[in-house]
């Protein structure tokens, strides 16, 4: 019997004989991959949602006097000195008035009697997305207050603070769960494989006694590990994909799609996770078998 | 040897002889309880945070004319008809003006030249906390628009919508993870116990052959399951408690404590989870042993 | 055959466990036309009838695969007969419930052909098992086990793990366990298969000792030397049939 | 003894696996002053020296616990000697690496005293194992296994699971597996312990058949009947010592 044909015959035999354990192992692997990938996906999408929501952040510097256009570059430079910003908008009295009118919408007429210059001019600063931490936003705000002509700096304190807190709390939760789950995954898979091998200890030892080569003994077990990793991860990722589709269709309201742009893993990441699952299983097999192969 | 003394001697012996497996089982149980309880805790606290944030929700009905105080009860009744509300605040022109002044704070003087009555009067409606769904808020808003004298109804569309989406998305995520984790927990614990029992199959079968009574055979194994459940759940819940303390101290900023009021499980829930862990382990043992006890 | 009066009518309401009485003069073991067929079609025993009186030592011989082990397994309810009546201590085995079977097994010491020892336990722990399941005191257990170890020349292996013993030593441990609880009935399956003639004598000595204390003993063996030179009855099985010339004639 | 010229100096760079040569006229097995002490202080063998020539059938006897199994385990590298020199086919076992040990074991058929069969596999699969690990063709395997089953009167058990066999049948399966690959050296540990005299004759027939094909055979046994009536050499172990009167004298 040639080695390759032996390899497949023997692996097939193993799978048939121990299908109960095989099934449990497969379930374990699938479940673990599913859970891990699930959290990874949530974390990923969550980050991008966080980025989207973070776009809201702007700091408004109310000014005593309107700034003449010639001075703008200078002020812009000064702002950029402290922190890179996305965009700087100068709002004149007139513009501010128009905005209030737009906000009041139907009630615009209440402004009719007023002069268009009762609102102060301002500079709106949209910071870069890397300005995440609340403390940093506060520092930035203090800095902006020192700009020449600045009277007061305002930003959505409440909203930013709350969003910041929720963000970091969620991040901690997702990371903690992630850690716990990776722990569980690794533990479960290695434990399961260890037990599979222990159940076969008798056979492995006998093969050793008969003088079987390491290749002969390991071959089918590693192939088995590979198959389990492949099928298990495949099932796990496929389940996740269908779960994803389900969530996505559930949340397909038009308002949401603009805010949350759900994405599945790119093919490369999916491939990497599949590969990781395969390596984990095959590697686990190899490590476990090695113990029995010492002559 | 009396039964009880036998029970403890034998259990002690078992634990000593199989401490490797015992340790793995304990780890599995602890980890499972930890993960499950963690998610349960997050979910619980998340719900209460959701409630807190929901407090923000108010609908503002801009009016053409100020409402004379005598009419107020009538309008209040009308509003309550559609939905129970928390609070109704009538804002006069004067009050609206003062608020704008407070908002502009340092820039108050820009309002100095204006009459105090250029802003429209309004009614602010704070709905009950059970008004959660976005659709319902919209309905309510439409209803309020039909009030006599109402010109326009406004509410934090963006904020409410976003919050609503985030809320329900998070709820789905937490629930889904919860399901996955309960699945894993049950699976892991039962699998582990099954394997423990399979490892002892030889001994159990021999005891049966020797004519040992079911009590004799089951006693130590059930006690073992009880101990494992107790210690495992205990460790899991204790770890969670310390994790909780850690998160809480990390987030002890004054701004947050008012918004999020973290709480651990009440003692009763903790007790119930401990009990559930114990029952799961002991029950798992019993079910697994039963298979071997058929004569 | 002493079987004639064994078919006593009993009320089915009697608790069977209570009737396990090895002390009266009914046959300890009695089989009437017993057949055992393993699925799908392996006939291990066919129409076997015999009786063993109290206090007898009886040998069961036959070629490999003749059905000796199957016969012994039927007596301790490890297998159910396909056909026929089996009575132990006057009790129809087919009518025993789980509790009664447990009681029965506590009364029968069995030395299995493949020993069925717990490989990772010490010799002492293995031999003590039948005593522990009936909650004997630690002192009794120690005394009894040490006595048996002495008799079987295993005293220096007392605390060794069974896995580290030679096969013949393991066989003696299995015999010691079967004899530990001083059972009224002892079944020994190939008790000297791994023993030299000198050690076999120790085992026969143990059997005689037990027999003098009232134990009925059935030995399945192919070792002529242990039954050739004494007057005990020999049942010869061949392809599941009991050779009529030998059976039933002491 | 034919050991005199066994101490040939070899360059340590030679691949040991290549030198496993059972076909020249050096002793197949040679032990010089071999001792085996199991920790902490169980002396299984002490200063054992002997040699087995190619084509011999040699019997190893001794009381239970004398060290027979330990001696056989040393030959196939399942245990390492505490002291002394062991050579198999002219090869010093202490100098073999893992690969060479695998090669060696493929050349030695061993029927273990506790059989070491895979209980959940069929008889056929068990016997085929030594042939499969050397990648024999399916046809060769079938022919060889069926031939062995025929010789040992197991043809009707070919596809039965080993667990469902009688103990004596299992013993024959273990022997068949040891003989399957036509090894140059066969070690049989208590090969007839569970067999009646008639079936034992089949086993001796197998041994003689193999021996005629050039296999050297070592049999550890307490069964006088299988060595009493032939001219083969008998080594008598007693408490780890080889009785000098018998050893080395054919």
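Things worth noting here:
Labels for the chains are A, B, C and D, by order of writing; each one numbers its residues from 1.
One rule holds for everything that comes next: contacts are C-beta pairs under 8 Å (C-beta built on N, C-alpha and C of every residue); 3 or more make two chains touch, one makes a residue touch a chain.
Note that the coordinates shown come from a computational prediction; the quantities given were computed from them, not determined experimentally.
Of all chains in the assembly, none touches chain A and also chain B.
Ranked by distance of CA centroids from chain D, the top chain is B. The geometric centre of chain B is 68 Å away from that of chain D, both derived from CA atoms. Note on chain placement: the centre of chain A and the centre of chain D lie 63 Å apart, centres being C-alpha means. We define each chain's centre as the mean of its Cα atoms; on that basis chain C and chain D are separated by 33 Å.
Not a single residue in chain D touches at least two other chains. Counting partner chains per residue, chain B has no residue touching two or more of them. Taken as a contact graph, with one node per protein chain and an edge wherever two chains touch, the assembly forms a single closed ring in which every chain touches exactly two others. Remark: the chains found to touch one another pair up as A-B, A-D, B-C, C-D.
Taken in their complex, chain D has these residues touching chain A: 76-78, 98-99, 101-108, 110, 116, 118, 120, 129-130, 132-133, 135-138, 141.
Interface residues of chain A, counted against chain B in their complex, comprise 24, 27-28, 31-32, 34-35, 38-39, 42, 49, 53, 62, 104-107, 110-111, 113-115, 118-120, 151-152, 159, 161-162, 165-166, 168-170, 172-173, 176-177, 180-181, 183-184, 187-188, 191-192, 195, 243, 247, 250-251, 253, 255-256, 259-260. Of all residues in chain C, only 38, 42, 61-65, 69, 113-114, 164-169, 171-172, 189-190, 193-199, 222, 224 touch chain D in the complex they form. Listed in rising order, the residues of chain A touching chain D in the complex are 1-3, 6, 17, 202-203, 206-207, 209-214, 216, 295.
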